[in-house]
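Labels run A, B and C following the written order; every chain starts at residue 1.
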């Protein structure tokens, strides 16, 4: 019987856990951005200027850094879930699959820390790169199993 | 037998409906952006200047507002589908699941209206916030069911 | 028995192949951006200035073009996978489904070429538009099969 996406499948149950951790981390960026906008008094829309002193600014260094980190998550975490779900269905070796999921999740967590605290390179670049190759590795498995 | 992603599963059939409504709404933003670019004569690329009078501009207030709304959809609707699909597989209570799907979809529709027409706050902020917590709620259910 | 997401389902196996091609193409944009940043000496963060001569610039015409292309992929490829996965579960006609998958993938590949090489319009606009309607077509099938 073909591999299915159900919580009875331990590889899927692990993918669901780590995938959700990564998505929730990505969504946390929204709240960090809102916090920074409030404390630094910079907003993106006129109607958001509720308190005296707030300015409509698009080049605040702290807010824009957080937004770039958020965008990088979108560019990597979403592909991880999309390709990862297909990868689970190829029936990978459970140890090898768990290695992919954990490596990617760890890289993205450290990537965020490296980005937000501007840790000297190659901290952020290497975390991005390893995560990127993790998705490529899963993608190749899907392509080999897929139909042209 | 474990819950599966099929249209025989009424919770999934509802998730598929509301999820697709949200994605199509997100995609509608592309067309609104194009309409605004054409009527306001502002384009993003040199080769898009087909008619005399069009300018390459990156700070048009109307176009950039629409693009921020589009980006906010990407940051929320895509996580909703990704986490929601996993949530369906946890076998949630059908009433509770429908509540999540409908609340999120309603919030995102009103969020778009509030954004595009610059309705005074906290209209947009509350719609964003409720939608955000809806995804977190589903995400926690997935984490509790997943495997570390 | 209801249609399932497994590699035993030839429509799914084809969706997995073309969907992964599109996601990997989207992820390739990250590497093109990095290559352009290195060769043009423009970076987005202070800590990325490792070599003398590199500047923190946000309006480099080549890098920003690649980033717009990447963003357009995010706005179209991710919805294709999200809606496409639901569409496969509606049990579409295999020929018609393959037509959707191949048309979309072809459009996105040519869209990228048209964007990066600034090919005169309507090359890029038509590729975007056909791809957009392909997703809408699949989305309508899902909505008709879903539950309100």
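Methods note: contacts are C-beta pairs under 8 Å (C-beta built on N, C-alpha and C of every residue); 3 or more make two chains touch, one makes a residue touch a chain.
Source: prediction; values computed, not measured.
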| item | value |
| --- | --- |
| Inter-copy rotation, subunit A to subunit C, in degrees (Cα atoms; steps of 5) | 120 |
| Copies subunit A and subunit B touch via same or different residues, half shared test | different |
| Interchain centroid distance [CA atoms averaged], subunit A/subunit B, Å | 17 |
| For subunit A, residues that touch 2 or more chains besides their own | 4-5, 74, 78, 82, 85 |
| Residues of subunit B that touch subunit A when the two form their complex | 2-5, 59, 65, 68, 74-76, 78-79, 82-83, 85-86, 89-90, 115, 118-121, 124, 128, 132, 135-136, 139, 142-143, 145-148 |
| List of subunit A residues in touch with subunit B within their complex | 4-8, 10, 12-14, 16-21, 23-24, 26-27, 30-31, 44-48, 50, 58, 70, 74, 78, 81-82, 85 |
